[in-house]
Amino acid sequence: MNVDNLSPDELSPDEKRQTPAFSTSLKQIISFAITFLICFATWIILSGRLDFFHLGLGVIACAIVARLSSTKLISRRGIENLPRQWFRFVCYVPWLLYQVFLANLHVMSLAFNPRLIEVIDPKIIRFKSKLTRPMSLFIFANSITLTPGTITVFVSITGEFTVHVIDEYSGLSLPGEMEEKVAELMGE
Amino acid sequence: MKRLGLIAIIIFGGLLFSITFELPDLGDASSPASTHVSPYYIEHTLEDTSVPNVVTAILADYRGYDTLFETAVIFSAGLACFFLLRIPERKAPKARFYRHLTTGLTLRIEKGGRIPEESKEFERIDSAWVPNDVIINMTCRLVVPFVQLFALYVIAHGHHSPGGGFQGGVIFGAAIILFAISNNLRSTTRRLSEKSSALLGSGGVIIYLGTGLLCILLGAGFLNYSGLSVFPGLDPVSARSYGILIVEIGVGIAVTAVMVWIYYNLASAGTQEEGL
Amino acid sequence: MESFFLYGAIYLSLIMILSLYRAVFGPTVLDRMIGVNAIGSKTTALLVLIGLIYQRVEMFVDIALAYACLNFIAVLAASRYFQKRKGLYDEHH
Amino acid sequence: MSLLAAILIISGLFFFTGGSIGILRFPDFYSRLHPAGKLDTMGLLMTMTGMALYTVQEFTLAAIFTSLKILLIIVFVFITSPTATHAILDAGVRAGLSPWTAPGKGERE
């Protein structure tokens, strides 16, 4: 099942320019191992049984999953600075949660507003983002969807965003602070 | 005609409702269903098979024949879909579409144009293609492995939690279908072809059947897993437990493959050219 | 605490009826999809609540997780279907 | 602890209510997605966190694993819910449900 699933960000144009820290086969092994470890941690949470038999079944299942999709989960490019990215991601999540909470209060006040029709003013806005990697585009797009009155309509692979906003106030903050945060997170 | 249908539905609905009052109450200990075999299963399952989940033990052990033929029915459903829907490719399409894997750009090649070789650079995609959507692709890349892992967990833990071969197989099939939705049908069939999904489907049924036949060869009845206790380190009780696990794995493989097979045929209206 | 969960579950299923209105009478197919998706996300919470009522959370959590998976896949498949078939999206003509 | 869990669950139910009423009240398909996509996710986050807190009270190994599983559901929903919202919206745009002439100020009856 795993013939040649190259993902777009594995073979970026600038890969030839930078000198890789690890060789390709080593990277393959590392990405397999990381996938296996993530899967095994998930398995232990799911299973909740720590006896020998169930852990053995877990090893087999995780090996199958890692074999099927190690190139899907962990991109082989940029595997060197993975721990730093994850640490930054953990720092990003609480900020995002706070923003999501504010967004929800805003939408909530709209939903219970008796003069709803007069308050909202839906429209489409477009802007160009400086982010380039698919992963950072993905994080940014989903963060936009979760935060104040905005839903991502379309993202092109070059970073052009089309966003549906519910009222004037919501569209003001785009791209703004969140883009900075995501750029810093992914090291762009 | 519509009113006639409504009247018929109301009459039958009323009949069903009135019959509901004749059913025994929920948890009624003296109802026919809970007086004959149920108490036996509830009392003896743990000591017979060492499986805490009574439902799994009944399905895969006490009523093994039933489940065997259920699996066969699922396989024949896939077969029926295949025979009803599958049509070979009728005519060459007007234009072919190729996606450049690095950038996600799509090439449209008219009939008679030079076609790039199927290489690591280009991948042929459906002609009713959906523009490459970064968000959906990335989400599926992240989610598919965990859905697969969850499916394997459901199959492996049928003994202790709700689940087993059928449920786990459905979730695993759904994971593959999710991949097919987020990319397209053509790239999915290149990784898991129709032929191998059919072979896997029959292979799952054969695992089940083979376990039963192995029990006969070892001197016990058909699907009586305690015959497996001749293998070292097994007593009759734990042999039944392991037998259930093997059977569940067979069912899981069969259900996964048949789900994917039916999806291939339904989503492309039998041509296996263009999917959802 | 059990009665609290019970009332919570009843309240949640009452709210689901509101979303059901959108799913049944929604003017377009996509409105119906919004309704179904909203019901699905509430059902995930409802399943865990039911688990707390019966004090079998560890069983119902599995069901809730499976439900969340299948709900997501169903919504994605439906939106793809209405994109490509039904004449909603046709770029050959 | 169980008081905190109860507060979280009640506020989650409150968010769910807002989501359902929003779905009913908002004027068109695109604006309906805002309450459906955001308020339901938030409601799920809060109720699930409350229930995970309630479960972990017993502090046995099984209870901890169960509440971790509930957290796993939260993470899963947080990744998939915005994507599902986006997918429905995308289908709407391709169906040609005019988002540009959105029913704004004064255009609605």
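The chains carry the letters A, B, C and D, assigned in the order they are written, with residues numbered from 1 in each.
The working rule: a contact is a pair of C-beta atoms (placed from the backbone, for glycine too) under 8 Å apart; a residue touches a chain by one contact, two chains touch by 3 or more.
What you see is a predicted model, and the numbers here were worked out from it, not measured in a lab.
Asks: Comparing the two chain pairs, does B-D have more C-beta contacts than A-D, or is it the other way round?
Replies: Result of the comparison of A-D and B-D: A-D.
Asks: Based on mean C-alpha positions, which chain is nearest the centroid of every protein C-alpha shown?
Replies: C
Asks: Using Cα averages as centroids, what's the distance between subunit B and subunit C in whole Å?
Replies: A distance of 22 Å separates the two centres.
Asks: If you average the Cα atoms of subunit A and of subunit D to get two centres, how far apart are those centres in Å?
Replies: Centre-to-centre distance between subunit A and subunit D: 19 Å.
Asks: Averaged over CA atoms, how far is the centre of subunit B from the centre of subunit D? Could you give it in whole Å?
Replies: Whole-Å distance between the two chain centres: 30.
Asks: Hunt down the residues of subunit C that sit against at least two other chains at once, touch-wise.
Replies: 58, 62, 65, 69, 72, 76, 80, 83
Asks: Residue numbers in subunit A touching 2 or more other chains?
Replies: If we look for residues of subunit A contacting two or more partner chains, we find 42, 46, 48, 141-142, 152.
Asks: Residue numbers in subunit D touching 2 or more other chains?
Replies: 19, 21, 33, 41, 62, 65-66, 69, 72, 76, 79-80, 82-83, 86-87, 90
Asks: Where on subunit A is subunit D touching in the complex?
Replies: 42, 45-46, 48, 100-101, 103-104, 107-108, 110-112, 116-118, 120-124, 141-142, 145-146, 149, 151-154, 164, 166
Asks: Hey, which residues of subunit B end up touching subunit C in the complex?
Replies: Within the complex, subunit B contacts subunit C at residues 128, 130, 136, 143, 147, 150, 154, 161-163, 167, 171, 174, 177-178, 181-182, 276.
Asks: Within their complex, state which residues of subunit B touch subunit A.
Replies: 101-104, 120, 132-135, 137-139, 141-142, 144-146, 148-150, 152-153, 156-157, 160, 190-192
Asks: Show which residues of subunit A lie in contact with subunit B when the two form their complex.
Replies: 1-8, 11-13, 35, 39, 42-43, 46-47, 49, 54, 57-58, 61-62, 64-66, 68-69, 72-73, 134-135, 137-138, 141-142, 152, 155-157
Asks: Show me the residue ranges of subunit D that touch subunit C in the complex, using the header's touch definition.
Replies: These residues of subunit D touch subunit C: 2, 6, 9-10, 12-13, 16-17, 19-21, 23-24, 29, 32-33, 36, 40-41, 43-44, 47-48, 51, 54-55, 62, 65-66, 69-70, 72-73, 76-77, 80-81, 83-84, 87-88, 90-92, 94-97.
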